[in-house]
Amino acid sequence: MSHNSFGHLFRVTTFGESHGPALGCVVDGCPPNIPLTEADIQGDLDRRKPGSSKFVTQRKEPDRVKILSGVFQDERMPEQVTTGTPIALMIENVDQRSKDYGDIRDKFRPGHADYTYFAKYGVRDYKGSGRASARETAARVAAGAVAKKVLNHLYGDVSIRGAMIQMGTQKIDRARFDWAEVANNPFFCPDAAAIDPWTEYLEGVRKAGSSCGAIIEIVAEGIPAGLGAPVYGKLDADLASAMMSINAVKAVEIGDGFATAAMSGEENADEMRAGPDGKPVFLANHAGGIIGGISTGQPVVLRFAVKPTSSILTPRKTIDVHGQETEVMTKGRHDPCVGIRAVPVGEAMMAIVLADHALRHRGQVG
Amino acid sequence: MSHNSFGHLFRVTTFGESHGPALGCVVDGCPPNIPLTEADIQGDLDRRKPGSSKFVTQRKEPDRVKILSGVFQDERMPEQVTTGTPIALMIENVDQRSKDYGDIRDKFRPGHADYTYFAKYGVRDYKGSGRASARETAARVAAGAVAKKVLNHLYGDVSIRGAMIQMGTQKIDRARFDWAEVANNPFFCPDAAAIDPWTEYLEGVRKAGSSCGAIIEIVAEGIPAGLGAPVYGKLDADLASAMMSINAVKAVEIGDGFATAAMSGEENADEMRAGPDGKPVFLANHAGGIIGGISTGQPVVLRFAVKPTSSILTPRKTIDVHGQETEVMTKGRHDPCVGIRAVPVGEAMMAIVLADHALRHRGQVG
Amino acid sequence: MSHNSFGHLFRVTTFGESHGPALGCVVDGCPPNIPLTEADIQGDLDRRKPGSSKFVTQRKEPDRVKILSGVFQDERMPEQVTTGTPIALMIENVDQRSKDYGDIRDKFRPGHADYTYFAKYGVRDYKGSGRASARETAARVAAGAVAKKVLNHLYGDVSIRGAMIQMGTQKIDRARFDWAEVANNPFFCPDAAAIDPWTEYLEGVRKAGSSCGAIIEIVAEGIPAGLGAPVYGKLDADLASAMMSINAVKAVEIGDGFATAAMSGEENADEMRAGPDGKPVFLANHAGGIIGGISTGQPVVLRFAVKPTSSILTPRKTIDVHGQETEVMTKGRHDPCVGIRAVPVGEAMMAIVLADHALRHRGQVG
Amino acid sequence: MSHNSFGHLFRVTTFGESHGPALGCVVDGCPPNIPLTEADIQGDLDRRKPGSSKFVTQRKEPDRVKILSGVFQDERMPEQVTTGTPIALMIENVDQRSKDYGDIRDKFRPGHADYTYFAKYGVRDYKGSGRASARETAARVAAGAVAKKVLNHLYGDVSIRGAMIQMGTQKIDRARFDWAEVANNPFFCPDAAAIDPWTEYLEGVRKAGSSCGAIIEIVAEGIPAGLGAPVYGKLDADLASAMMSINAVKAVEIGDGFATAAMSGEENADEMRAGPDGKPVFLANHAGGIIGGISTGQPVVLRFAVKPTSSILTPRKTIDVHGQETEVMTKGRHDPCVGIRAVPVGEAMMAIVLADHALRHRGQVG
């Protein structure tokens, strides 16, 4: 139950602060004999890393991952594979920009975890938000890359993809949803027609020193029926926890989610017809691939909301560590829409939950 | 990580099927010396129990709880108290109506967990949905009553209240939100003016043999700042998991939730002024009382969506256990809006999560 | 990590006090489709139950187990099987003899957990030692019976057997070790020639109102190589924890245990020759079937020491709950050698650990 | 439950192989505001490190620890303190001597984990025994240093000390036991008169290319009554697991351990007299400071046996990875008595268990 670990059989423990020497994770419980190299992980990290467009923080971090343990190769086994022992992954911080932290050292920025960390621990690493920084999510993405290898090892061709479907007030037109578009724009947006207006919108937000929120959708395909468990080990319960644990996330829904409240039982329950191998073909997927906490074999579909970045250029009312009223304004590098970089993070968390449940299911049922 | 346990230091393990001899739970880790009787628990169970109005299942279950262990009293200590050892709570099933299960034995009802349990385990207790029945939530409510005692023991006057704010297509007017109304109607609805239209609406749903979903709001007051932990032990991550683990729940949001996506950083981040004892007074609570995964000291606010009951009187397309196409229709007792009885369940899960985090926080920080 | 749970994938949570209405356990994570009836469990319970000879407590407890959940049968599946959901087992207490507890209510009996429970919790169920009573082990034996079914389901013919190899000062002659003798005497002693002297010895202890300790050996055969995991999930680490958690146990050793300290590397390391299927045949089993925390495929062998029963008829110096010096003497029913009834408990704990590791291994490696 | 984690609220996850780039650990759940520097940790590491005498492996490893996260200091808080977030500790491997691994790559060395790792995972990092190397224990010692800081922070002056009381066939004279001697000889031996004969003895073992086992005693003083929990979270159960998880350990006993089997109830149960503050003064400590799984306030005393190093210079019968019979002999650096370096490791594991239980106790009871 440690505070900084996630998962059970496939278990990820992360560490590191924004301005410390390094961050990383230990992935424990990975099955052996799965090919794994640093390059397998680096690709995902590159999708999340800062500085890739003007719409994300300009901090310069190469986010180079180093595998410290848990893999093996020799001349007889030239392809490096996992050994079943813990895989430690480390990413060194290189751009901890030296600056005057005076203002945020003493003042609690509204919306940030400044006050709550201080209230809890009585001490606070304020440099770049310390442990509360979104830099922690780099370790999740690295672990998620390992999880994807596990899923493909177990089930063949598993696809886990994410897209931003709403940025601030701007929504996509679902009729134009195209996964192929996601890689073509800096927003992970699946609607080609939205790119221009989104660009203009976010440019306006950025120039105003303001920020906006986002809604992200993650879809996993190729997952068999049977993953998950009653009643507190439900697949959707673990997915909800996983997504809600991402920085700035305030809401999670599975399948039709909140919209099911206004639906009738007839509309909502996905009917079945006979498919190959005696398995059902569902006539809809309002359930988002999970019923009774167990996967149905349909795509697993979820969405989560990311609140607007709390770092903004407008002075805000607050108090300081001495309890005195004051104002605070965030200077320096930040993401006008932190939801953008949450897309690969959401994919990673989906992969980690599914890999864990895949192993748990195999443990109990075979 | 057992599938049927929830929490860490305050840990609840539930057991039991809809038509077995009994269901119940073991509450482990409860602090000692807290007064606890069966009457303390029974009140909450009565709010959840079936048969209390025509809008919930007509199954006749008194839901009498029996404490099997973990409490003590004698002539010198006439008030029964917890001892720190596991508290086992048992509720016997008395109305397992004898009937012909033939139809649901062989057919997978759409929206129910029939197919997924079968796909996972290869065997299925189809009687009253077995383990997937909402009857399991009686054990949660019993455990939640213990959790509330813990919270009040630790923090004095903690209030945890739930209300249904949307039933099917019907929404409350938030301007009329009044907690005092919740106990006055069969819907746990906080809007007195909504009761008549809601009654008419649900009566229509019920007579049509249909069902509808719901949105429930749960609010905890009196919780200090500092509960929760980075980064996978976040308070909101555990709340999301807790709520999503309730039967038929498809979505969870904290504070302003999905609405934050369209907000600006200026609107969303709750400003602070100086309050008593050097603590902040927040000028708003868009965060729902949690920032960075840690409680702020404001009310903890969440909402969750319950999908429409999958048991409906309309024939639905499905397949049977042999993979053959067929139709199925649910006969017998059911809830037209299972969201109603989810209100006390949501309160219980809120209490369990908060009690667990209260002990975890005390363990680490003192 | 709950205090009263053991195991991970095969997880047992026990509850109940000596003089409460019932004790029992919840077994979570059991694989589905394993035949299981109350009779499967009752046999093991009968071997542990009180009153079976004059050398164990005369408390009259039938120890009838009742399965409350987690199994299923119907006319089409006449053999009752596990369903994969939690199996709750309950044993009602029937002989909570009404008596005057005055003396032990106020005084801390040396060797008993009276003082430590009081120091920890500030409240203490002194009736029959409450939660610290060896009655709790009935729940372990019940859970162990389920674990044995799991092991046989997975691996075919697994044998888990225990024997008392030392009672007080009396040791067996290992040259006469015969498993077949264990069922023929009230001591679970494997040495037929020891029965008469042991009987005389223990009769002397009993008549003197004294007590003695014991050493128990447990052997599991039919366990494949590969169970266990580096480095804190070692099979022997979990076995050590399991045995040390049994009431009154003070020592545990695997294979040659403490004797290895005086051995040379040549003596101690078990050499290998080629066996069938490319697997090794070991030329000795000093390792007790576990190397590097992982099973070798040889019999898993361990021993544990049980201290003498602390309930004795001699007055002993102690203090009372007010910190005053006094004397205390235990009256009433007790076991002159509580180690006797620890034999089936040790077997049960061995089975639980192995079943858990069997599922964990399958989860990670397949 | 991850395989490579230990503890619950104070939780240690280790990683790394003998010949990989680095090993280390993540310590999660440490209370905040405890002063902690690398120097605090280095001292303990130096006591364990290789190459410190001719009786331990000649591998040259400086074992320099680097703190990667979880601490903070600035100009206003010049003493570096823990922040409550995960503390990652890293030790780089520098002397992975390049050599021909051919022999051990293909052959299973008796007594080593070669065969069991291969049987479990199907792949094996044979370089320096990979994950099964005693190098992993450096990470434990580092984590133990943090645990000691926690204990001293909570309880004031806690002392945790270890000594080797038997090396091979050589035993100390307990009448001469003197903690002050432990630091004066390369064996951590508390008996000054034993040093010369032990030196001669081990020199003989070393020159013969053989090895011997050892018995280590660890004593913790300054621990209050009340740590531990019924019934699977017993303090002694967790200590047994902790010690048995150390490489080459085959036995653990608490207090009088195996000797209690031959004791009477009168001899074994520690009597009490009134001490200050209403607490008892015990007249003996046969219990080793733990009764009913809970600390009594006396010194916590345990012993464990370390088997002889399996690396010896004598050819031994074995099989290879192809199942063919062969012989194997260990060349190169090794410890003639690996028990020597187990002394600081045992101290570290004692500290980790106690720190975890201290936080768990505070969580439940306050």
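Read from first to last, the chains carry the letters A, B, C and D; within each, the first residue is number 1.
Basically, contacts are C-beta pairs under 8 Å (C-beta built on N, C-alpha and C of every residue); 3 or more make two chains touch, one makes a residue touch a chain.
Just so we're on the same page, UniProt names per chain: A, B, C, D = Chorismate synthase.
Since the structure is predicted, the reported quantities are computational estimates derived from the model, not experimental observations.
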* Chain located farthest away, centre of subunit C (Chorismate synthase) as origin (C-alpha) -> A
* Asked: Pick the pair with more C-beta contacts: A-C or B-C?
  -> B-C
* Between subunit A (Chorismate synthase) and subunit C (Chorismate synthase), what is the separation of their C-alpha centroids in Å? -> 45
* To do: List the centre-to-centre spacing of subunit C (Chorismate synthase) and subunit D (Chorismate synthase) in whole Å, with centres computed as mean CA coordinates.
  => 27
* Asked: In whole angstrom, what separates the CA-based centres of subunit B (Chorismate synthase) and subunit C (Chorismate synthase)?
  -> 38
* Going through subunit A (Chorismate synthase) residue by residue, note those that touch at least 2 other chains and give them in order. => 1-5, 8-9, 14, 29, 32, 84-85, 120-122, 131, 230, 360, 364-365
* Which part of subunit A (Chorismate synthase) faces subunit B (Chorismate synthase) closely enough to touch in the complex? -> 1-6, 8, 14, 108-113, 115-117, 119-122, 131-132, 136, 166, 168-169, 205, 210-215, 225-234, 236-245, 247, 250-274, 277-280, 283, 287-288, 290-297, 305-312, 314, 316-319, 322-325, 339, 360-361, 364-365
* For subunit A (Chorismate synthase), which residues count as touching subunit D (Chorismate synthase) in their complex? -> 1-5, 8-9, 11, 13-17, 20-24, 26, 28-29, 32-33, 66, 68-70, 72, 74, 76-77, 81, 83-88, 90, 101, 105, 120-125, 130-131
* Asked: Quick one: in the complex, what on subunit C (Chorismate synthase) touches subunit A (Chorismate synthase)?
  -> 1, 8-9, 29-32, 84-85, 230, 359-360, 362-366
